[in-house]
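Below, chain A partners chain B and then partners chain C, in two separate complexes.
Right, the complex of A and B next:
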């Protein structure tokens, strides 16, 4: 009799908690994959496609589904480290097929050479190039992510990637110091 | 509130945490009056001398400018103009090293003074109380005044506060060692400073005005107290000397006991702080209409013979100041702009004085030796004791070395005011502030990158959305256009019906084109069946006539009957075979899709029909002749048919052999050409029906051809009717050539016979 009661009680409890869990999974369902969002936030959003995916979000999606974490060239080691932390894996070196150079760059159109073909405008993932057919184009430097995607389509090779100029505002301190000591 | 004032009135102040007492070294320069300098040969004016955005140039190279004339302008609220410190000519505008720790090059105006020091027209205002708040703020902004204590925040922004201000704090602490510029300014120009304070009072309407000053400046304190007599709102608060009392948050804490939380600007707490030098500049700007073109600079250090405070025009190169103060350059000597605690070394003595430069320090090697090597942190904790911001410098240092920026943010690195107290007390000589500066710059850079990334992401998504929208819009447009067309066509107008018929015609054309092959095939089939029917009919007719003739002949001459019978049988066989072949041909040709073939077949069929008809006619003539049987001529006539019969016989036999050969050929090959060959030959045979030899030759040729074809099929055993046209066309050609050869041969033989 006691055994029966025990079985009954345990079974009832099981059913109860099962129902509770089922309810919770429906009621508090997480929309979308938060991991993808978190990964996307870590990526530099240059939308350069160097990882082989058409933008940062698709790569974040792929990483969440097991893609290698070391394919983001603009992000470099820092981004790899952050992704590794988030994913709980060991950080690895940047994929060797990618350029190691991740200094921020900005596209520059040699305006004298521009023929106004609009090909770069179509290639720009962030609409940072302005111009019209047969009109000179130019880059909105502040919006340019330095993704390099406009360089290849240019039929007259008038787009160059320049490193972003450092200003006193963006300058990073070096470790020079003024020591102050007690003097007699 | 009252308690704070009571405390202040009682001379009791608060203490901020930490702080250090570095050697003051103020004696070097605080015993001499501020010395006005003669004009330097060249002034270098950086376009941006303050925090915020740079202004735009309003002068050009070669322009003659008057003293006090603005050289730049800007519509941005965070930008203030730069003025010509003296009259002269703009010599050049180019990039030069600016007084910034980065030692970077920025655009600078080079002004060559003409020595006349001719002022631009000024409007002196005796009673600023009559001016509106907006006018005063505009005057301050146009005078190019930015905070002169060090940070260089545009003053007109700071004095344009909306919330109620409880305390206006005047920073006269001047806590950093060596610097005495504010001290001397207060000693010599207290009334002007108090005028500036009155203007600020007029603008901000604060509850109380507190002048915070360290007790190491007794002369300045006396001067201020004298100047503020009868000005009840103002209290000169003498604070104990401790570095960094002059820090904004530290001074607020020391005077009011209020802590400014992280990320909060004092204005939000009802406190505004201004430097004494800024107050002087405000008074000069509002009352004398004099823009900020000069400032007091402490030129000090033990490398100088006569260290002293000087009135330096903005843009004066540091080397000019040094030469005026008797600089003895020594080996390894360094030049520092600002104080020893928070200043930075100058990369070259050509760097100009700007609005925020309060001190040029030329120390001897004894004063500031070259930095000794950094040792390991011994965890003594002195840095934490002296930190005025309640931070944990050693933890910050570890995280900064590990580049753990998240941890640094958690440790409130951004509350660090770079005062350098921690580095000053560090027994291991760790340049802590430098680590923090590097880390701060790195974090700021990352924040900028993050903002940029967010912007890029937003733009990328916006672009994606736009492309998607455009695609949908395009599809919608196409759909609507199609609908409109359809609607137009369905409408009962003439135009619509015309359009409809045109469309129908076009559709028909398209269909015709599309179904070209199929139709051709059908046509071919139709002609074939027609041909077949015609052939069958002809055969039937011929048979009927033959039978009739045979019957007649049987009645007239029974001797010839077996012959005739044979002939008839042979013919029938030949025709049957021909028909069979033709059927084969039809089948083959039905599979064949080229138009050429079908037309050729058509011709052939017609020829065959004609031949059949001709034969039939001949026969009917023969029978007609034989029907008149009784006359002698009848015999002759009868002989003729006999001859004809004999000939027919031969012909039939040849035809039979040919047909057999062909049948064999066709059974062995699936190629349509032999059949065509046969058909083309048949008429030839028929036409030359009377020519036995020719017929035999033709038969031989046909056999030869059959062999050739058989060989060809051996060579290409898998030749299929459905195979590619090149093969077929090759075969076709071959066959045609063969036919032509056969014809030529036949003609030759005919000629020989003749």
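Right, the complex of A and C next:
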């Protein structure tokens, strides 16, 4: 008799708690992964693919699942620092496969050499190159994110990356070059 | 009132669960390497311990005792703890994704934190009434939190300290924990 009551009591308790948990899991359902959204917001959204992922969102997804945080070349040190803060890990240096220099650049097509193969148009993630087959191509400088994905596919090496020219609109005080020292 | 206050002080300082009773040492060593994580773990454990202590008391008094099923205590309490932990995990996942990721496996492992089951069982052995059970659970969790946060602060400093090679990492952490335990012995005799 005691055994039966014991089984009944534990069974009822289990059913009650199970129902409670079921209710809670509906009530506290997590829509998507908020961490991915936060990471995506930190990335520069150049969609350049230099990290080895098809865009910024897939890379954010990968970082949330443990991918290295130092693969975003356009974002540079600043982005790595912000991601490190968000993830609660130590910042690391930019991946060695990328050059350290992350001054803003823009693609430039040497128009005399262009043979009109459209390979760079297909490579461009932001459709910043215009032109047609057997016609000369050119870059819309305002749209170009400087991701240098168009450089490798060009069969005649007529694409160069030029640093963005400083204009009165883009010029900034470079305050970091003034050394700040504490005087004892 | 005084009686409850004395019980609280006694559980937090004199009979501290971690440093005097040596219960719950796994999360104490595991989650104490960063203060931020330790604080998150403290809140989660406090919530679980207080709720589990209260629920265990209720189940024991109103279900197990009248049916003379005391032999089911451990099983029923584990059931309660597992449910409360699951619930806490859902709430933490919903409210702070970052904390959820930082705590990682240690969040579900609160289930196996012996301090939580310890509180529930000790409530019965010491024949606490309802309010005493609540205070005892909360006090035990508070003691755990205080010690965990203090210890994590020390470990953050130790990470930067010039520790001799053989003592690096867990070894120096164990020694620190031992010294803290000695320090807490100083509270003996403060309350009964």
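One rule holds in what follows: the second predicted complex is superposed on the first by the 144 of 184 C-alpha atoms of A that agree within 3 Å, B and C clash if a C-alpha of one lies under 4 Å from a C-alpha of the other, contacts with A are read in each partner's own complex, and residues count from 1 in each chain.
Everything below uses one rule, namely that a contact is a pair of C-beta atoms (placed from the backbone, for glycine too) under 8 Å apart; a residue touches a chain by one contact, two chains touch by 3 or more.
This is a predicted model, so every value here is computed, not measured.
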Contact breadth on chain A, by residue count: chain C or chain B: B
Which superposed partner A:20 touches (first chain B, second chain C, both, neither): second
Which superposed partner A:30 touches (first chain B, second chain C, both, neither): second
Touching partner for A:86 - first (chain B), second (chain C), both, neither: second
Touched partner set for A:172, first chain B, second chain C, both or neither: first
Partner chain(s) touched by A:128 [first = chain B, second = chain C, both, neither]: first
Intersection of the chain A residues that touch chain B with those that touch chain C: none
Residues of chain A that touch chain B when the two form their complex: 40, 43-47, 55-56, 104, 125-128, 143, 145, 166-168, 170-183
List of chain C residues in touch with chain A within their complex: 34, 36-37, 59, 63-64, 67-69, 71-72, 75-76, 79-80, 83, 86-87, 90-91, 93-94, 97-98, 101-102
Chain C partner contacts - residues on chain A that touch it in the complex: 2, 5-6, 9-10, 13-14, 17, 20-21, 24-25, 28-30, 33-35, 86-88
Chain A partner contacts - residues on chain B that touch it in the complex: 22-23, 98, 100-102, 104, 106, 177, 334, 336, 340-341, 343-345, 366-372, 420, 423-424, 429, 431, 433-435, 437-438, 440-442, 445, 448-449, 452-457, 459-460, 462-463, 466
